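Across the two complexes that follow, chain A remains constant while its partner is chain B and subsequently chain C.
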Partner chain A sequence: MSAVFQAVFAPGFFTSDPVRVALLAGGMAALVSGIVGTFAVMRGQSYAGHALADISVTGGSASYLAGISPLWGFAGVGVAAAAAMDLIGVQRRRGRDLATGIVRGAALGLAALFLYWGTTSTSTTGATVTILFGSIFTVSGPTAGAAALFGAVALGIVAVLYRPLLLSSASPELAFARGIPVRATGALCLVAVALAVSLSALTIGAILSTALLVGPAAAALRLTSRPGLAVLWAAVIGLAATWLGVLLAYDSYYWPPVHQGWPVSFFVVALVLVFYLLAQLAAARRAGRRPGQARPLAAGRDGAGA
Partner chain B sequence: MLSGFMVNAWVVAGIVAVVAGPVGFFVVLRGSAFVADALPTGAFAGAAGASLIGVNPLIGLGVFSVLGALGIGWLGRRGRHDVATALALVMMLGLGALFLSFSSQYAPEIYSLLFGEVLGISSNEIAPVAVLGAVTLAALLVVYRPLLLTSVMPALGESRGVRAARVETLFLVVLALATSMALPVVGALLIFSLMIGPPAAARSFTDRPPVAIGLSVLVALGTVWAAIAASYQTNWPVGFFVGTLSAVWYAVGRIAASWRRSRSQAGIAAPGEPAEHSRLAASVRV
Partner chain C sequence: MVDGNAVIAAEPGLAADREQTLAVEGVSVRLGGREVLHDVRFTIQAGEFVGLIGSNGAGKTTLLRVILGLQKPAAGQVRIAGAARARQETAVGYVPQKIELDPDMPLRARDLVGLGIDGNRFGIPLPSRGRRGMVDETLDAVGAAAFADARVGTLSGGEQQRVMIAHALISKPRLLLMDEPLANLDIRSEQEIVSLLARISKERQVAVLISAHEINPLLPVMDRVVYMAAGRAASGTTGEVVRPDVLTRLYGHHVDVIHLHGRVLVVAGRDEEPAVGPRDDTHVLHTDQAVPDPDTAEDCP
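And then the complex of A and B:
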């Protein structure tokens, strides 16, 4: 029994400080991303979420140059970009991805410039890799504490807006007829997404931020057509993927070929994809003879009126 | 500014712009900006993997971007397209992180794959770019009509027996080809910005697809050459200028579109995308 335990949890897993911080910060980011992500996926804002993660990283690198705390750079630029996206028309279905792409392209251009200015002394390689990947094992204690604040605000926005948000995601016309300010609700939702991704981009990196925002939520929306249940599933799946990923990464320290450990982001992303495919399989089996046709809540139309 | 290595930069950037114009026209028309972003960003993992096993990075790039395109097509038929794209993108990036952790040899290339280092192109890099660019344009020419039909009038396309899913997959492969052509020389940011900014502007000025394609090639050429010149003068990264100019073009296009709309306010349809689309549809001769 203890041999099995030793094989699953490599020695020192529970006493290691970096692991504890990674479990905490990663778990927090996974929870917030899963819950906020359910709405982002329902509203078709996966791309906006991905772009916001990159953009808030740009803000982080800019705040280095300006000499302010990167934390505020992350959140401030993320929220500003969300406002810009809303302003130039992410609420329309067709032109939305284009507008998002333009904002992301311009922001990455700025990132290139900041890197050029900021890295005449240090290496560009490290900074680029951090922008692309981030690292879960390098979160410092105080940062994690302040980042928790963003998560709480994002969750607060979603909790307050829960019902109007569902209705306006499912049927903007109906929501409008009932007097819900659809535009403002959408903008606030985007702000919540921006806060959630800047929290996770800061603590666990840009790749994982997108993966945890979109993957668990999409899997959850496959499993159930009830929004409340979907939010719960998304949080559970995100948490499971993150913690299993951290565990595997810790175990992989002795794996070939380099014996330095495989990256956490790889494990978490792979687990998220596996969970999504499993959920898809479950949905297809439930749909019986029409596999591939089942799309519970795909457009958010089924459960929201309930 | 016109010395040896600069000539290479002008030529390669020109080729990339000529390919990005037509491909980007369809990216904008089909609203697939996310895919056009995800493939170049994720495909670098292929290059890192190829260098790990000692193969030419260009092959790795090609394999990964085509696999990524097929994966997006496969997942996208079974679920939401943006979710499929996001998952494929993070999976490719995750693999990239894994390959980089095995060997940090390739890490210095990452910066240029993301942001581009146009000014460091050697003359033996031009031939592969030209060949791949020609292949991309030829592939686009082959699927041109069904692609236009399914982009503008999916219902009519279906009634004519055009399989929308197959056309979508073919288009993704064209995107993958364009990606593997441009990525090693100009970087992900540059090819992506060129594929959405100039075509978005071009579409706002005209409803006729061939004219829009020609215009977007011209705008893309102007953008990339201006960016190189500015980069040469200031020593700032090319990606910055291309990204910013693309945003400017997009803004110009939006202003032009709203001006055109207000001029034809007497029109029947409500202002917005559907009207634009029906005008475009009317211009497709079928």
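And then the complex of A and C:
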């Protein structure tokens, strides 16, 4: 029994400080990204989330150059970009896609410049690795505090706006008819997305943060027809992928080819994909079990109230 | 205010005693210098089922927007249950036209109906017996209990329309407004939705006003009709309104009304025929499309 335990949890896993930091910071990022991501996916804002992640790289790399935690740059530039995206009109799809595409290109250009400076000034690839692939094992105390604050704000936004967001995600026209300020609701949701992305960018890296935002949510949408349960599933899947990823990254120190450990971001993203495929499989099996049913995703009639 | 050309005063005398749920009083609307509604007036009592009939661009959606308080009239006013219209009044349940629901959205029919109670409130709703009972009762009333737990985006057009009605009905409005609820429905669902709305208006004593291109699906159950053309309206019972002389005055050119197996066909007369009762207004918007055509695309306000 203890042999199995040792095989799963490599020696020192529970006593390592970096591991504790990673479980805490990564767990926080996963929780927030999963929950906020469910709304982003329901609202069709996953492209916006992706763009925010790219644009926030500029902020992250600038912060790195300035010698402060990249989290501030990720969050600051992300929230500003969210506001800008609302101003240029996220409502009209073509205008939105074009504007985001152009801004995104320019932002990545700036990020490339900053990362180049960061790399040449230190003669290491630290900047690039930290910004693009995250620093889950080395999040400092004050940064973790700020991350917790940002996460709380993001969760607060979606908790307070839960019903208006749900109704305007289902149909903006219906929400408008109910007197909901649809646009303001959407803009606030985008701010929550930007904050969630900044947490994920800090931990598993800017280019992989969308995986944590969109993946668990997409899987959750296959698993349940209930909005509340979908949010819960996304949080659980994100958390599981991140914690398992940290464990595997720790264990991989003893793996070939070189005994240096594999990057945790790789494991997290791979696990998100695995969970998504499992969810697809579960949905397909459920559909297959009831061949007469025209609606494969219909929940059972045993459900409790919303 | 007398404008015999466009408005047919057809209020039955005894109706004055009953409470008027909706009173549209001489409403005119100008948009971009164009008069899109001209002196529209009619009333609806509790429990009445009224069809708002007209082709594209006749002004149906604009009129609904005025009733909802989303559009300020240039003249006239709207009163709901005797009170001047205020925005976001719970007395009105409204279902907009052309709602597209995403089949991937994790939202059951019962969730959407629940959002009809408190969708505009902050915070996460706690499940309660009372809330669930209300949702079940309303789903039952619209015949949607069988698919209450299905994703609303995966339902058929007719099923979705039932859920929409429940969503609008659950807050117990006195007036139910629906914009083109029969668009994109097959004939059978069309009939089901029409008779459902008629039954609801009687059982719950709700005033129901629905807009439609086509008058025939509503003929068997409609208490009264508000017939619109080029921003003008004629209201009354179908017998009073759907007549060649009335519709010719409304359209401003000759119109024939043909009765066929309990249905009516409104067709444009030939141009050389003199119009009955020529209009004296100078701002008449000429419409060459006298026949309401359900196949034409966008209904612009």
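For this structure, a couple of remarks:
By definition in this document, the second predicted complex is superposed on the first by the 255 of 306 C-alpha atoms of A that agree within 3 Å, B and C clash if a C-alpha of one lies under 4 Å from a C-alpha of the other, contacts with A are read in each partner's own complex, and residues count from 1 in each chain.
By our rule, a residue touches a chain if its C-beta (ideal position, glycine included) is under 8 Å from a C-beta of that chain, and two chains touch if they have at least 3 such contacts.
Just so it is clear, the model here is predicted, and its values are computed rather than measured.
In the superposition on chain A, contact is made by A:174 with chain C only, not with chain B. By the touch criterion defined above, A:240 reaches neither chain B nor chain C.
Residue contacts after overlaying the shared chain place A:166 against chain C, while chain B stays out of touching range.
Once chain A of one complex is fitted onto chain A of the other, the partner contacts of A:262 are limited to chain B, with no touch recorded for chain C. Looking at the shared chain after the overlay, A:100 reaches chain B, while chain C stays out of its contact range. Annotation for chain A, partner touching more residues between chain B and chain C: B.
Judged by the document's definition of touching, chain A residues 44, 295, 298 lie at the interface with chain B and also at the interface with chain C.
Contact residues of chain A toward chain B in the complex are 41, 44-47, 49-51, 88, 92, 94-113, 115-116, 124-125, 128-129, 131-133, 207-208, 210-211, 214-215, 218, 222, 257-258, 260-263, 265-266, 268-270, 272-273, 276, 280, 284, 292, 295, 298.
Of all residues in chain A, only 42, 44, 159-164, 166-167, 169-171, 173-180, 220-221, 224-230, 294-295, 297-301, 303-306 touch chain C in the complex they form. Residues of chain C that touch chain A in their complex: 68, 87-88, 94-96, 98-108, 110-112, 114-115, 118-125, 127-129, 131-132, 135, 147-152, 154-155, 164, 167. Per the touch definition, chain B reaches chain A in the complex via residues 28, 31-34, 36-37, 77-80, 82-83, 85-87, 89-91, 93-98, 100-103, 107-108, 110-111, 114-115, 189, 192-193, 196-197, 200, 236-237, 239-244, 246-247, 250, 254, 272-273, 277.
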